[in-house]
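The structures come next, written out as structure tokens.
The same subunit A turns up in both complexes below, where it pairs with subunit B and then with subunit C.
Here is the complex of A and B:
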């Protein structure tokens, strides 16, 4: 569905390709145009098809209670709130930590973070969420903690790697130009790390949209509630609506991320 | 009941669930590896196949796992079928991508030398290209496995096999005796499986990497 190759090239790079990967071919810059409209068009088509399909069904009273405008709107808002709040927290936590971990004097911490990051990926998110429930009870905050814990790692790792891979010669040059350390960090290192950081952030966002469906297990609402209720009450249309809506939101957010990557990339890169 | 006692008293159930978890992941990864490496080998020369298959597998990965698993129910029912299909579908991207990257990243001179020695194309592929790209392909399989192990936990919700059942059992009996133990057992068991698989792949990698390449492998 996502035919815009440039972004799909970059997302999984960060998630899937480890340090020992061969360098990838440079990502082609596609000018904003028809290619970038394929994803929203496909998402819109899927939503319209879903709407029309549900319109042809004769809903019983149980289905009507889930599949009406008010409930779906409420679930959408809950889902987006969870996703966006978690992502905002992830940005606040992971990027500063990543920068700190990439400093030369913290060289010992970096491998620890990388190892934890790789192992952390193995902890199943549903297990993490349920364990959080034992500590904090059910609700929005619990889901938020679980989501943040899960999404922090890719962003943290990408920030660290992104800052570390900046060519030392460039930093040397900046120092030679008389920049202070703060200036070098802000104007050279962070700028050059932007593509890596954004790719990590985009991975985290898409991941969060998916994991947020599990938030329904800890009573935090969202589309997961439709999926779970439909399954429990044996009402397939409710489940399908929840599933398709989640997938559509994931695709749409991924698309927004690809736009952001294109727009925010420093011009020199 | 302490966690240790719980694990001991439920050892039969837990070990069976763990074995099923590992089995479903192993089957899915085997399927995804065969298909993914096949696509990568056949398609790495043509930009259209290459980009198309990577874009398609990336799109699959964008679909949230709970959504994909539930959307599969009308097609393949509850249980093993849906779990296997979903896990296999999610595992494609790292494998295809690393196969393509590995085959394309080969030193052109090496391939040329092989051709100069009179190797036919299949033999060139089997004797030169695949062995050289193998460490990278194996890394892709390893990443897919780690991912699949985590997703398999969610598959318990659609009646799939594995340790996810312990987690959901803990959730559904929240607050009662042993609910924390069940959740912990499920979660930690999955981490243990992930670590074991990773060790397995480290061993496979050590045994199957061509000797000439080992020098380049970074610690």
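Here is the complex of A and C:
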């Protein structure tokens, strides 16, 4: 009987909740506004200034051997190859490890993983590169090992935190709806961790661009070669060009990262 | 707009000697609970925090695995089924709602049907239907994200989501607990209306006895270890609390609560014709509201379209046990 007597619909029930109850807060992605064009403009200005400054210099034959189009292009390609290859490896290594470390049942392994990540960043990269040289000889692959070890931590930690900070109520709701653990991980936890993971990845990329200059020590090329040659041969312009180019690439990649964050962030959060 | 022929009505749930003993705890959280939940009824588990009511409920969809005992839903042994598959066929709504913030309202509601592999057009049609059912304009709310909804709206979407795959059984864990009193009242009224239409078998957990009386076809008052202190209709529990524990739960105003369960039209009118000079009450108002009106006007009578109602009738309605038993129905 109770169900028949319970409803007290004395208030005229609103038939449909009016749309105006809440203003439609913007869930749009931030458009590419003027704010987003500052970085590429500044980078372009720096590059033009650098070009013009080098143009005013009387380059001797040693400088000419480094500061010409073919060499700079080759160094840029080498540097980007190192950066991108290292970052790709970091994604493959750090995201799964971060997920593993975030699981409650891996409470014992998580500190080990984090310590390894910390160690990778704490150990001086140049020392690690030298050690790797003993094991693997010089070259691109040796440089990659050092770079990856250095850049794993931000992605690892952000993945772990990003997954862990997902509201437990969401996980419970997901389980209660019959999602499998794999589905919860893929469709809920990782999706909601995307902003954190991307932020970590952006940090890792910028770090890698900087640290990739050390690749020159293991004959992996890159802008580091310009810097080191300039120092060794006491040719300041060469060092400066190497340094400024590295900084410009770092800024530019950071800018690309910010665009990616805007673009890939799930809507609604 | 609300009628849908395919809606599955509830099935019977049987709990047999259900026990959950967490390792390292001296006493079981749920101790040997045996209970029958009739098909199509809304049974409220009510009890203090930590009495095991939520644990008992969560064993039914196996979010908590029972230590021992047996659960049958519609005659099928739940413990022999795949837990994920099982949960897709049991509606589940929680206090925190748990809408996925990165999915739109439509995607949230359509999630379980999608897990069940429904074709896209069928999911879309079902989402529209459910949004209308919970009084959210589909064209308006379809593409919103959860953070663009008020708390009450989120909870409606939560209920719609639990109903999405048309489960015969629903489990609800204080679904209205986090909303403000006005919204809660509103959601409760709508929920009663909804359940009248759908006739699902629902287990509803709350610590709010008022809510239990308002929503429940039956109430299970639970004490420590999920022991059943009393399991009966709200009217019967109010009329004859089994012991002091239950009486304590009801509080001091059991009679007023019983009045609240009865409508003006449930009792015979003193005079069959309405009297326009008396304070007026709606025919579907509760006797408690009628009493309130009389007290406010200092009269012992009020009038509805069904006739004149007197204070003596109210006393008779709650004083006459044999009448009350009639109303309470068979146990």
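To be clear about the criterion, the second predicted complex is superposed on the first by the 232 of 269 C-alpha atoms of A that agree within 3 Å, B and C clash if a C-alpha of one lies under 4 Å from a C-alpha of the other, contacts with A are read in each partner's own complex, and residues count from 1 in each chain.
Please note the rule applied: a residue touches a chain if its C-beta (ideal position, glycine included) is under 8 Å from a C-beta of that chain, and two chains touch if they have at least 3 such contacts.
None of the values given here were measured: they were computed from a predicted structure.
Look at A:239: by the touch rule set out above, it reaches subunit B but stays clear of subunit C.
Between subunit B and subunit C, more residues of subunit A are touched by B.
Contact with subunit C, but none with subunit B, is seen for A:169 once the two complexes are overlaid on the shared chain. Contact with subunit C, but none with subunit B, is seen for A:267 once the two complexes are overlaid on the shared chain. By the touch criterion defined above, A:65 reaches neither subunit B nor subunit C.
Of the residues of subunit A, those at positions 1-3, 5, 8-9, 11, 16-17, 19, 21-22, 24-25 touch subunit B in one of the two structures and subunit C in the other. If you check the complex, the residues on subunit A that touch subunit B are 1-3, 5, 8-9, 11-12, 16-25, 118-119, 121-128, 130-131, 133-134, 138, 206, 209-211, 213-214, 217-218, 223-224, 227-228, 230-231, 236, 239-240, 242-244, 246-247, 250-251, 254.
Within the complex formed with subunit C, the residues of subunit A that make contact are 1-11, 13-17, 19, 21-22, 24-25, 27, 167, 169-170, 172-180, 183, 188, 191-192, 266-269. Taken in their complex, subunit C has these residues touching subunit A: 42, 61, 63, 84-89, 92, 94, 96-104, 111-112, 115, 135-137, 140, 144-150, 152-153, 156, 161, 171, 186, 189-190, 192-193, 195-196, 213-217, 233-235, 261-263, 266, 282, 284-286, 289, 327-329. Listing the residues of subunit B that touch subunit A in their complex gives 51, 54-55, 58-59, 61-68, 70-71, 73-74, 93-94, 97-98, 101-102, 104-105, 135-136, 139-140, 143, 146-147, 149-150, 153-154, 157-158, 164, 167-168, 170-171, 174, 179-180, 183-184, 186-187, 190-191, 194-195, 198, 217-218.
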